[in-house]
Structure formats: C-alpha cells, structure tokens
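Common to both upcoming complexes is chain A, partnered first by chain B, then by chain C.
Up next, the complex of A and B:
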C-alpha cells in the first residue's frame, strides 16, 4: 500500500504531459493548485468516511488507459436509449464508431475541445473551472491539470434540443490498472433547453480509476434535464464532480442512479447566481457486497428568490458502506429562499454502514427550509400487508426494496432511461442473497 | 346450510404490549353467513380482525380459533390468505414504488398456486383486473399507480374490495370498509361485496355505523364493547343500536 504522498507523486506524473490544447488556460492553473494540495486522508473532514484505500492499493495513476474496446459488446451496452445524439468515450477517449452526433456537431451544439473555434475557445476559457474552483478538490485539480480533450455542449440562445444527448463513459480494462479521465462543459445560453443523459458503464471487471468532471452553466431562463446512471462494475474506482451555475430564472433538474464500487465518490455543487432559479436533485444510490459510495452535495443559495428540492435515497446492504453529506448554505442576502433536502435510507444488514449528515446553514432570516435524514429497515406494517395477500415474507421484502428504489427511478423523465435502469437494477439485485426473488417479478 | 363451521372462535383473549384488548370472544361463522360486528371506537374490532389475519403485534393469550377445521394459529399470515382468509384493512398502507398491478399479480399468483390453479398470464390478468376496476368505478390508470399511493380514502377502500374480488376468499373480514365513503362510493363498494356473496363464503362486516348494513344485509349482528361480545341478535339489533346509541348496551 502506498502512502498518500506516494499517490500524489504518481498523480503528479500525469500532469507533466504536454497538452495539445495550448490555448487552454486552465491546466497551468490547476497544475499549480495540485502541487499545493495534499491527498485526502481520514483526517480530511470531507473524506472522513471515504478512505482512498482502493487508490493506494493500486497503480492506477501509473498510466493512462487505452481506448480500445470490443465494439459489438460495447454497442450492446450503449445502444438502448433509442433516438439520441450519442458520444461514447472508452476510458475517457472518444470512440467515433460507437458515437453518432453529426447533426448536433454540424449545428455547433456538440464540439470536442480539440475542434473548438475561436469563439468556443473563448467560451471554454471563460467558463471551465469557474463553477467550482479546482483548489477545493485535489481530483478536480488533477483532472483539469491534465486536459488533453473534452466536450463542449453549447445550446445557443432559445435553442431547444429535440433529442436527448447521451454521453457514455465506458470503462474497460482487462490487464493493468489505469487512469481514465474525462470532462464535459455544458453551456445553456439564455432561453435554451437541453436533455442530457450521462451513462457511466463498464464491460466486465474494470481495473480503472475514472476521474470525471461535468460543469454546467445555465444562463437566464435556460433549462437542463440531466439524467445520470452510474452502473459500472464494482471493481472500478470513480471520483466524479458535478458543478452547476444557475443564472436568473434557470431550471436545473438532476435524476441520478448510482451503484457502489471499490471506491465511488460523487461531489455535486450547485451555485445560485441569479434569482428565481430552481434546482431539483433526485438521486438513489445502492451498495452491496463490500462496495463503497459517497455522495457529497452542496447547494449554495447566494441570491434571493431561488428554490431547491433535494431527495436522495440510499439502499445499503451486505458489508457495504455509504456516505451522504448534503448541505444547504443560505447566504445572508438569499432572502425568500425555499430549500428542502431529505435523505432516506434502507439499511438491511448489520455489517453495512451508513453515515448520513444533512446540514443546513442559514444566514438570511426570511426563508423556508427543511432538512432531514432517516435510516430504517423494512416496515412491518407494509410487510404484513403483502403477507395478508398471500405473498411470502421473502418476496414481500424483495418487493418492498424494489419499491423503495423504484420510487426514485420512476421519476426519471425518460421512459427508455427508466427501462435501462430497471434492467440493470434487476442485475444488481440478482446476487443479493435476500433479494434473489426480485428480478423475476417484473 | 352446511354443518361444519367455516370459522370458530372460542374464548379468544388477545393483548398488545401486555395490555389485554380482547377479553374472551366467541363467534361461529358457517359458510354463506354474513355477520356484522358493531361497536364503539376502541372496542377491539380492528384487533379481532388483525388477530384473525395473523398480525404479529397481537399476542394471543388464550382461546382457540379454527378455520375450516384447522388451528388457525399454526398458519403464517400468508398461509391464512392462501387458505382463504381476506382482511380488508381499515387503514390500508401505502407502498410507493410498487405498482398496484404488480402487487395484485404477485398476490393472485401466490394464492392461485397454493390452490392448485395455473398462474394467469399477464394479458389475461390485466383484462380481469380491468373488468373489476370498471365494476368498482375505478379508472384503469389506477392499476399503474403505486399501491394505495396518494389514493383518496374511498379509492383505498375500493382497492381493498378489488383485491378481494381477485382473490376470491372463503372468509372475508371487512374492517370499517364504509368509513370515509360517501353514499355513492358506499353503494359501489357494497355491490362489489354483494357480488361475492354465495353459499360457501363467509363474511364478517365490521362497522361503527349501521348504514352499511342497509346495503350488505347481515344474518347476525354482534355488539362488541371492551373486547367482549355483549349482545348478539339478528339484523334488527343494528337498527336498535342506531336508534339508542352505544351507551344503551354499556
């Protein structure tokens, strides 16, 4: 096992690569930041319950993963969402054969950083790394310090995208452990509207550390519906940052499903910069076996008259471990804010562990806020209801678990995504001993 | 009328958290009979229903219950349901995320399997469920919603009747199915129940008010107070109670 310092030295080597995007200003800044930062340890408050054991025990950072893949297997994995514009990244590298987005590419809506024109370069330089300062997060600094490619999704003023945009991040590695990095910048100009699906997936055992950043900037009255499915193999490690900036009257809605893995960490940061903006964060996370999943959410209400609704549900079983940290921060001038956050968990095993911490910090006096968390097991009254209808206890338990998760999944605003999520949930539940009846019910 | 009772309750005493709630109840129901159990709030009506259905929270202190000649207490709740006991709950629970259709199908599959019948395929089952919905004046979308999730009081009660219709029990216990229903909904629910009445089936109708008994006419009426049956009679007893109030029997 490496020390955190040795891990940092390994990571440092990834930063020294020459970037081909010499016009990009962020990498130099992020590299300098990275040099200043320490790798988190147990003593780092934000990482208290999430040790980096998986990274310290592997040599992920010694090399960058290759972009080769079994195309037909990959096509099956990525092709279930019907009519979409699709970009597939294999270990962080765009795979043209699996992708199809020429319409939106021609319209200038989807652009690789390496193809960006002057105006787009200017936009990227102005926006990237501003929703979230990389100095707050060592993995963000690593990501932005080694950018060799990225995607810009840019919806022009009043542009309404008809088809959803699907971004697939496929991790695959049979041999040596390796690092895969990716990043996307979404810019919704005034009055635009976009639907974005991020699918994080893998083919088989995956000896990869995926370090990803999604940054979103919505201008006045822009809308983004954002669905995120993290359904990779449990062997992978994944650290993910999602950072959102909301201007006047913009509307951001996230629906997430995430399975645990060797290490999984999701940071979500939402900044309200203009009034009358709205943000919904819906999420459901599941962990089993020895998986780990950590959700860190932070909502910065910096201006008046903005609302947010956050509902995260956790399903935790076996010897797995989950973390939920959800913070609402209402600044002094953010009067007339209405913000609610709730985390509800089903903890099914004595060996499993959940650390949940909803936080509310309020410096304004005219606001409506609530926050709460609960940890429970299956409800006896509900189980009895099933049994009184002839359904045996084990099936009743399985159906209640399914219902708990499905309550979030059925809110995904896209039928094809719901189908895909349910199919993969059935696989997830299939090898949880207590729940092996579940998948036969659908 | 057949000579073997469907249900025979003898001197039943039951408690919750060490507190005795049923104080020696005896009741015999033969196939084809409809019994009404009336009583003030807190008299133990729901407790009796739940004990018969097998709710674990209630401890059976003494007494016996035989159902179709077998000791009921040896059966798990799900086995009782498969054998033909059905409880329409006073307060049906909401189960978000599990669709009503999924729930009904799992339930009917389990019960049919036990009774040696073939599982219904999905289209046949859906058709059957929709027909029953129509009779109960429930919209078909109702089947797609989460079990009882956001249902009105009346919808929840009709959903219980829907389940009963699909499960075809031999003994149905209706726990205050009338409470919270307006007169139209009450009639619809009562018609649903009456459609199931036959020579073999037994029915126990638990109610606070006699109103429901205008629509589901009972053969016998029992008055429960403080966990005991204090008076039994024919259907005229219900009318008398209505007129004189519960204070009359206490």
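Up next, the complex of A and C:
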C-alpha cells in the first residue's frame, strides 16, 4: 500500500506529460495547485470519513488506459435511452463507433476540445476551472493538470436543444488497473435550454480509477435538466466533481442515482452568482457489500433572491459505508434566500455505517433555511401491516426498500431514464446479501 | 457559614499562604515549577502533583485546536498567570452579604439579589471567587444526607479515594488541549458525591466569578452520583467589566452510576467585551458526563449569553443500557461575540436515548455556531436520538451556523436531526407594536418565546434569571 504522499508523487510525474492542447491555460495552473496540495487523509475535514485506501492499494497512475471494448456488449449498455445525441467514452476516451451526435456537432452544440475554434477556445479558457475553489479539490487539480481532451456543450442564446444529450462513461479494464480521466464543460447561453444525461457504467469487473469533472455555467434564464446515473461495477473507484455557476434567473435541476463502489466520491458545488436563480438537487445513493459512497454537496448562495431545494436519500446495507455532507452557505448579502436540504437514510445492516453532516452557514438575516437528516430502519408498523395482509416478511421488506428508493427515482424527468434506473436497481437489489431472497419489481 | 470561610482561610495560612497585597498571583508563564508551586500551595499529596505533571507533559505536545468556527488572536499561554488566590482575609467576604457590590448590582439588574438567593430555601452556595473556594453553606444539612459538597482541593485531602477513582475518568488528562491545560493547573472547583439511593435534599449551586485581571481560570468540577441517587446542580457566572481577554478553561466531569440522575444547569454571563469587540472572556470549556450504569440519566441545560469566545460542548457518554442524555441550550451572541457550542451524544448501551434542543440567537456582529456529534456504536441496539437546532438572526451583520455530525453504525437506531434558521419576522413585530409594545421589548418577547423550550428545563429561579439575562444581553441589538 502506498502512502498518500507516494500517490501524489506518482500523480505529479504523470502531470508533467505534455498536453496536446497547448492553447489551454488551465493545465499549468492546475499543476501548480496540485503541487501545493496534500492528498487527503483522515485529518482532512472534507475526507474525514472517506479513506483513499482503494487508490493507495492500486497502481492506477502507472498505466495509461487503452484497451479494446466488446462493441455489442457496450451498445447494449448504452443504447437504452432511445432518441438521444450520444457520446460514449471508454476509459475516458471518445469511442466514435458507439457515439452518434453529428447533428449537434454540426450545429456547434457539441464540440471536442481538440476541434474547438478560436471563439470556443476562448470560452473554454474563460470558463473552465472557475466554478469552484481550486484549493479545496485536489482531484480536480489532478484532472485539469493533464487535459488531453474534453467536451464542450454549448447551447447558443435562446436555443432549445430538443433531444437529450447522453454522455456515457464506460469503464473496462479486464482486471488491469487503469486511470480514466474525463471532463465536460456545459455552457448554457442566455435563455437556452438543455437536457443532459450522464451515465457512468462499466463492462464487467473493472479496476479503473475514474476521475471526472463536469463544469456548468448557466447564463441569464438558461435552463439545464441534468440526470446522472452512476451504475458502475463495485470494483471501480470514481471521484467526481460537479461544479455549477448560476446567473440571473437560471434554473438548474440535478437528479442522481448512485451505487457505491470501492471508492465513490461526488463533490457537488453550486454557486449562485445572479439573483432569482433556482437549483434543485435530488439524489439517491445505495451501497451494499463492502462498497463506499460519499456525497459532498455545497451550495454557495452569494446573491439575494435565490432558492435551492436539496433532497438526498441513502440506502446502506451489508458492510458498506456511506457518507453525506450537505452544506448551505448564505453569504452576507444573500438576503431573501430560501434554501432547504434534507438527507434521509435507511440503514439496514449491523456492519454498515452512515456518517451524515448537514451544515448551515448563514451570514444574512432575512432568509429561510432549514436542513434535516434522519437515519432509520424499516418501520415495524408498516411491516406488520403488510404481513397482516398475507404478504410475507421478506417481500414486505423488499417492497418497503424499493418504495424508499423509488420516491427519488420516479422524479427523474425522463421516462426512459426511469426505466433504465429501475432495471439496474433490480440488479442491484438482487445480490444484496441481506435481501437475497425474492426481489421483484413488478 | 462565615465560620467555615474563616476556617478555610485559616487553613490556607497553615499552608504558608501569607500575603499582604490584595491578592497573590504567580508571575505569568507555565512550567513544571509553576505546577509544583500550585500543588504545594494547596498542600497536595504526591499523587496529585504527579497527575498534574503528567497532564502538563501531555499538554506540551498538543496543539491548539483550530477546527472551531472562531477567529481570535492566538492566546499567549506564557502571558497568563496560572494561580491567584482570593483577596486577603481582611477583604474576603465573611458572608454573602459582604460580597462585592458590583456582583450584587449585576444580580440586582437581573432581579435576583444575591443575598436573597442565598436565603432562598434549598439553595446552597459555594461561592468561588477567583480560583479558591472560600465558602460553603448548608454543609450540615447535606452532611446529614451523606452528600459531600466541598471544594475539590478539600476533597483531595478528605476523600482521596473518590478523587483518585473518578478524577479524569470522564475527561482524561490528554482529552484535548484545554482539558490537558486544566488538568495541569486547575486551581479549585467543586466536588459533589451523592451516596447510593439518596436524593440530594436541595439544589446545589456555585457562583463563579473572575476577579483578577489577567488570571486564567481553571475550575475543575467533579460530580459523582452513586447508584439510584439524584442531584441537580446549578452553575452561574458573572464577571465585571475588564479590558483584557481572560482565558477560562474549565473541566466538568459528571459520573452517573446505575439508576442515578444528574441535572446540570448553567447560566453563563461573563464579560463579552465592549461594543467594539475589545476584551471579554475566552471560554474554552470541556464538560462531559458519563451514564455509567443502566437506567442512568444526565441532563445538561445551558444559557450562554456571555464571553467573547465560547468553545463548549457539554457531552454525554451513554454507556449504560437504557441511559438517557439530554442537552438543552440557549446561546445568545451580540456585539462581536463568537460562540461555537453544542454537544456530543455517544451511544454505547442498548436502548439509549438522547435529546438535543439547541437555540442560537445571533445579533450585532456576532457569530453563533452549533456543532454537535451523535455517534451510535454497533452495540447500541434501539438507540434513539432527536436533535433540533434553531437559529434566530437579528440584524444583517451576524452569522448563524450549524455543523451536526451524525455517525451511525447500528441499523436498529433511529436518528433525526432538524435545523432551521429564520429572523424575527416583521409580522410578529408588527403585531406587538400595534398593541403598543415597543420594538426592543417586542424582540425580547419573541426571543423569550423562541427559547421557551429550553427555559422550561431550567430550575425555576434560573429560568426567571435567564429570561432577564436575555433581555439585558439584547440591549442595543435592535433599532
């Protein structure tokens, strides 16, 4: 096992490799930031409950990820959402055969960094890396320190993108350890509207460390509906940054479904930069076996008259561990803010652990803020109710668990995504050790 | 009672403690010699000195905690004097009637004159002036019940077996930076022992007061409730105007054995600094209780309105099955005050229950944070926690923060945490003013209503005082 410091040194050597995108200004800055920062340990407040063991036990950084992919298996994995513009990345690299997005590419909505024209390069340089505090995200620095490719999704002024855009990140490594890095910049110009689906998936047992960044900048009155499905194999490690900037009157909605894995960490950062903006963060996370999942949410209310609603639900069983941290930060001048956050959890096993910390940091008086967190078990009365009507206990338990999770899943604003999520949930529940009996979704 | 004060003071004399100046204070700075002097002055046995030195050595290796949501210049621990005795015996009050008029005035303002309080039936007063306990009342009555209520220095001599068994058993010497410092240099404090199956015949009470400029205060309180006993303990504090920051690092340890119950109430009203944020007390306190036996209960109630800096987390370790921990808190900050306060509930036994109700009020340019931990260990079957943290903001220059840590390792536990933040609503104010109540009075009414849930947990006399205290503390916060 490496020490965090050894991991950092290895990563730094990797960062010194040249990027092919010499017009990008960010990598040099990010490399400098990375050099300054320490890898998180148990004493790092934001990583208090999430050890990097999975990363330290592997040699992710020594190899580059190439690898062939079984195209028909991959097509099955990614092709269930019907009519969408699709980009498929295998271990962080675009796979053209599996992708189909030429319409939006021709309209200039989807552009690879390597194909960016001057205006787009300028936009990328101006926007990338600006939606978060670099000093607080060491993995973002690692990602941005070595950008060789990326995706720019740019909705022009008042442009309503009809089809959802589906980004699929497939991990496949056939047991070999590999590092996959990817990044997306979404720029919604004034009055534009977009629907984005990010699907993180894998083919078989995979030993990949996926380090991903999504940055979103919404201009005045722009809208983005963002669905995120993290459904990879449990052997993988995944650190994910989602950083959002909201201008006047913009509207951002995120719906997430996330399964645990060897290490899974989501950092979500939403910055309210213009008044009357709205943000909804909905999420449900599930962990079983020895999985680990950590969601860190941070809402920075920097201006008056913005609202946010956050609901995250957790399902934790077997020997897994889940961590939730939700922070609402109301800055001094952010009067008339209404911000609510709730984290509800179902803890089902004696070996499992949940650590949750909803935080409020408030510097303005004319605001309405609340947060709540609860941890509970299956309700005995509800179980009794089922049983008294002839439903056996196992089925009753399964139905209650599903009901708990489904409350979030059915809020996904896309029927095809709901179907996909339910199908994968059924697979997930099928081998929960504790619920390995009957599990049907019908 | 004055006889007892006399005898106590005389004993100090016997220890070679003679002084002509108003008070005797050691020169600033801390080293092993200072600890030997402190221990020597108190004529402590060798084991006590060793215990202090051990704590000091551990303290030397520790760092000042930085995680709290507080900003203050670093404390220069070498600029503090670690011991000061009370004013010479000629000046020392021989009874509570002779107490410094300043302190009386404060109580007058609060509507409860001290002399009246002392007479209040059922209240014993162990007044701590600076660092040495100078008076204990109602000893006889307590003695009849078998209750031991004395200064901790006295207890070291007279009940060494209890002190050796319990001192540091809840807050170990190296527990944290300030607790280690306290363990090394603690000057005095109270010791309470309630024997088995005894209900303490009266509410026990101690008044603390910081008297000397530049003198760290290092009280140490230890309360042991033996099986089946009950005690209610009141701690109240006031300090006169001072210009320089004063450090206060107290440690309070509570031990509740099987079926015992301890109720610990605090009203803290130390000098918060002037209107520019200058001066005021730095209050770094470690308070912890352990519910050691089955069916035991510890309840903390605190009303915190004073101090420039408050760093305080009264906690309960719920070790016994079916034990109960409670924390009721009102923390009010005004001016430039900063508070980072809350509680820890560590559930270890089966069917343990904890309730946390925290009300934070921020006004002026103050910062008020609730920081709490609820931890459920794997064998705490059926554990239950309910937490409610409400914050009220008055004015747009202040801050209110909530940092609750919830760690659960047991699927059979049920935990709930809720927090809200709001301001005194214009509607509420309008309603009051429409009925002829001026704005300041109206705000104080609304704040009192906001805190009612906590106030009702206070002993009656304290509840009255607490309400008045909020009013006084909120002066100038509105309009």
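FYI, the second predicted complex is superposed on the first by the 432 of 442 C-alpha atoms of A that agree within 3 Å, B and C clash if a C-alpha of one lies under 4 Å from a C-alpha of the other, contacts with A are read in each partner's own complex, and residues count from 1 in each chain.
Just so it is clear, contacts are C-beta pairs under 8 Å (C-beta built on N, C-alpha and C of every residue); 3 or more make two chains touch, one makes a residue touch a chain.
As the structure is a computational prediction, the values presented were derived from the model and not from experiment.
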Checklist entry - In the superposed arrangement, which partner chain does A:372 touch: chain B (first), chain C (second), both, or neither? => result second
Checklist entry - Looking at chain A, does chain C or chain B touch more of its residues? => result C
Checklist entry - Does the superposition put A:361 against chain B (first), chain C (second), both, or neither? => result second
Next on the checklist: Quick check for you: in the superposed arrangement, does A:347 touch first (chain B), second (chain C), both or neither?
Outcome noted: second
Checklist entry - Between chain B (first) and chain C (second), which, if any, makes contact with A:335: first, second, both or neither? => result second
Checklist entry - Can A:382 be said to touch chain B (first), chain C (second), both, or neither? => result first
Checklist entry - Of the two partner chains, chain B (first) and chain C (second), which one does A:2 touch, if any: first, second, both, or neither? => result neither
Checklist entry - Thinking of the overlay built on chain A, is A:416 touched by chain B (first), by chain C (second), by both, or by neither? => result neither
Next on the checklist: Per the definitions at the top, what is the overlap between the chain A residues touching chain B and those touching chain C?
Outcome noted: none
Item to check | Footprint of chain A on chain B - complex, ascending | outcome: 53-57, 76-78, 80-82, 86-87, 89, 92-93, 95-98, 102-103, 106-107, 110-111, 114, 146, 163, 167
Item to check | Contacting residues of chain C [partner chain A, same complex] | outcome: 67, 69, 378, 391, 393-423
Checklist entry - In the complex formed with chain C, which residues of chain A make contact? => result 45, 49, 332, 335, 345, 347-377
Item to check | Sites on chain A touched by chain B in the complex | outcome: 379-382, 384-393, 395, 399-400, 402-407, 410, 441-442
